[in-house]
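Before anything else, here's the structure in question.
Chain IDs A, B, C and D follow the sequence of writing; residue 1 opens each chain.
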Amino acid sequence: MTTHRIENLADGIFSIAMTLLVLNLALPEVETGLTLTTELHTLLFGQTHKFFNYALSFILLAIFWIIQHQQFHFIKRTDHTHLWINIFSLMFVALVPFSTSLTGDYPNETVAKLFFDLNLFILGTLNVLNWTYATKDYRLVDRGLDPRRIAMGNRRDAVIPATILLAMVLSLIIPKWSSCVYLLIPIMLAHPWFRHKKT
Amino acid sequence: MTTHRIENLADGIFSIAMTLLVLNLALPEVETGLTLTTELHTLLFGQTHKFFNYALSFILLAIFWIIQHQQFHFIKRTDHTHLWINIFSLMFVALVPFSTSLTGDYPNETVAKLFFDLNLFILGTLNVLNWTYATKDYRLVDRGLDPRRIAMGNRRDAVIPATILLAMVLSLIIPKWSSCVYLLIPIMLAHPWFRHKKT
Amino acid sequence: MTTHRIENLADGIFSIAMTLLVLNLALPEVETGLTLTTELHTLLFGQTHKFFNYALSFILLAIFWIIQHQQFHFIKRTDHTHLWINIFSLMFVALVPFSTSLTGDYPNETVAKLFFDLNLFILGTLNVLNWTYATKDYRLVDRGLDPRRIAMGNRRDAVIPATILLAMVLSLIIPKWSSCVYLLIPIMLAHPWFRHKKT
Amino acid sequence: MTTHRIENLADGIFSIAMTLLVLNLALPEVETGLTLTTELHTLLFGQTHKFFNYALSFILLAIFWIIQHQQFHFIKRTDHTHLWINIFSLMFVALVPFSTSLTGDYPNETVAKLFFDLNLFILGTLNVLNWTYATKDYRLVDRGLDPRRIAMGNRRDAVIPATILLAMVLSLIIPKWSSCVYLLIPIMLAHPWFRHKKT
């Protein structure tokens, strides 16, 4: 089992999960007895939070996909534990369309938000674990890998669970708007402190 | 992050979005109380515009896929901005099955058509941006790339947003038939003025 | 545009279409007011023809996928026309889950069967066209390709549309059982007359 | 037809089947007339067995995917029979989301459990057949392959059908809990007796 094969399965699951997000938009919940025009307006404008959720989940999955590929750029080998960290990670990637549909259907419910947050928190934690496990004693990476690069990977991966913890606290107070905290993730990750320099 | 990885994710999202288009056909909206035969006839012949929409969206996504690959044939490197132009572009690719379902369910509604047009317009504009960004000062392409090829790429990419602007104007007047304007895109792109010569 | 890219998109669309077939099984049409046990028995045993349809469409798509790869084994180049033959071909691949759902929901309706047959007939014809176009004057294949191999490809590809024509005639007479004719396809293609010798 | 192409189609079908499992969660079966909060609690906490089923099927498909790749690591060639063993195997991979939805919708029904068990039993048996066929007289593997490795592959592949037979017996007695037997599979496969040593 080479890392190439895991990346191939991961690319498949990421791209399908990202595309299935759109199915959450495709479920109109309009009342019968309306004219088609009213129905369409309800469908489009009564659901703006669903479009926000679609964009948010798509971007978050894209960020996880980018981080995973940046990790695999340095991970040269795999073993049984590493393989299963990745499979569990993919299990929570595939769960994102469901979590997103919950926050879309129950926008004011704290439980729905917490479910979504928890899904991403586990995903973020598995990401941290993946990098820590692979770089511990240079287990799956090259001996020559710059320790500053390893430390920077740790910093960058920790941004996501930390932000999500903040989102979870906010979910308990203002469930409707707590998701906006997630927008901090791309902003923080764009900061040079968290970025690999391209070679 | 090499361009190869983005292309892999893009191929996945394009192929899923193109296949999910078929789910729009799979939703019969027949009244109960009909015989099965009447129901089937209603389903098939009352929905010819849905088959047209299916074919149209499939062909448009194929055109975007072709253009993207033609661009990536010359784009040798990637950077943070370029990566995100592509991710936003894929977000609107994955949205196409939803936009198509809107035009199928509400064929006479201007709002539905405008939503579909806007989706494709943003996609077309991101395509233009992708090429402009990559070729500006030979940022992500080889120094030796023929400037006429760059100019030709710009011309070709601009065909799509321009045609869609026309479709949007027509959507305000004759929503039911405005989509036919899209058929201009493959016809225009087949013209030698917009085509790469194969080497 | 290399043939590799088309094959990649094709692999994606084939694998998704083959997996989406299962969604046709996932739509129970049970009457309310039944016990769960009766409901389940109705769902499983009242739908045996759906399982047959699932297996049939899966195998037919697999056959088309195999034929396509055997063609691409010899096709070394691509051009604009060849690309579009393949995109239209993929459009009818992606349509198969819908056609299959029609024959599953309306098993006794001739129109449903004819729709399914027509879908596959067009797919088979595009396959013939693909090979004829590519091998005409060695347009997209190597000069050194054995003419007997070209002829054998033509024979093999023609089996499918010919069998489907037979299925269409039978659909007009006995719609419920006409699909069984399709089982002739794998049987005939297993005959040495239609097979590439492995090198 | 190289083994690479089959692996590509298999990766696609595995990743889609694994992601489609989530659609089983996305079908709330709540009664109307409830408040949104009660509805959400019913949806989440009344369906814990569905989350268990999701995780179980995801992990089982991941195990089948790993085994398949370990087999293909040694299988160097393919032939007509081998190709069709794999296509039938993929047909039952794509069926797993449906089988899982049955056990989720009818958790106390023996028939639903047996259907799920049978699906995986056939998949496991085809896996055994794949390896036996490929290694018989070194048909599709290298002459130099260590016979102990072949024997170990046989042992490992046989774990799954054997465990499933046990699950089927338990389904007849305690359908609700019989699935827990499946957890034996990852535990047993983690035992060194069933594992390839990494080189």
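Throughout what follows, a contact is a pair of C-beta atoms (placed from the backbone, for glycine too) under 8 Å apart; a residue touches a chain by one contact, two chains touch by 3 or more.
Keep in mind it's a predicted model, so treat the numbers as computed, not measured.
Trainee: In this assembly, which chains make contact with subunit C and also with subunit D?
Mentor: Both-contact set = empty.
Trainee: Which chain has its C-alpha centre farthest away from the C-alpha centre of subunit D?
Mentor: For subunit D, the chain whose C-alpha mean is farthest off is B.
Trainee: On Cα atoms, by how many degrees is subunit A rotated relative to subunit D, nearest 5?
Mentor: 90
Trainee: Regarding the subunit B and subunit C pair, does the interface count as same (over half of residue numbers shared) or different (under half shared)?
Mentor: The interface of subunit B with subunit C is built from mostly unshared positions.
Trainee: CA centre of subunit B versus CA centre of subunit C: separation in Å?
Mentor: Comparing mean C-alpha positions, subunit C is 26 Å from subunit B.
Trainee: Where the centres are mean C-alpha positions, what is the separation of subunit A from subunit C, in Å?
Mentor: Chain centres of subunit A and subunit C, defined by C-alpha means, are spaced 37 Å apart.
Trainee: Can you pull out the residues of subunit D that are in contact with at least two other chains?
Mentor: Where subunit D meets two or more other chains at a single residue, that happens at 12, 16, 20, 23.
Trainee: Looking at which chains touch, is this a line, ring, star, complete or other?
Mentor: Ring.
Trainee: Could you please specify the touching residues of subunit A with respect to subunit B in the complex?
Mentor: Touch residues, subunit A against subunit B: 11-12, 14-16, 18-23, 25-26, 36-37, 39-41, 43-44, 54-55, 58-59, 62, 65-66, 69-70, 73, 190, 195, 198.
Trainee: Using the touch definition up top, name the residues of subunit B that touch subunit A in the complex.
Mentor: 1, 5, 8-9, 12-13, 16-17, 20, 23, 79-80, 83, 87, 90-91, 94-95, 97-98, 101-102, 106, 108-109, 111-112, 115
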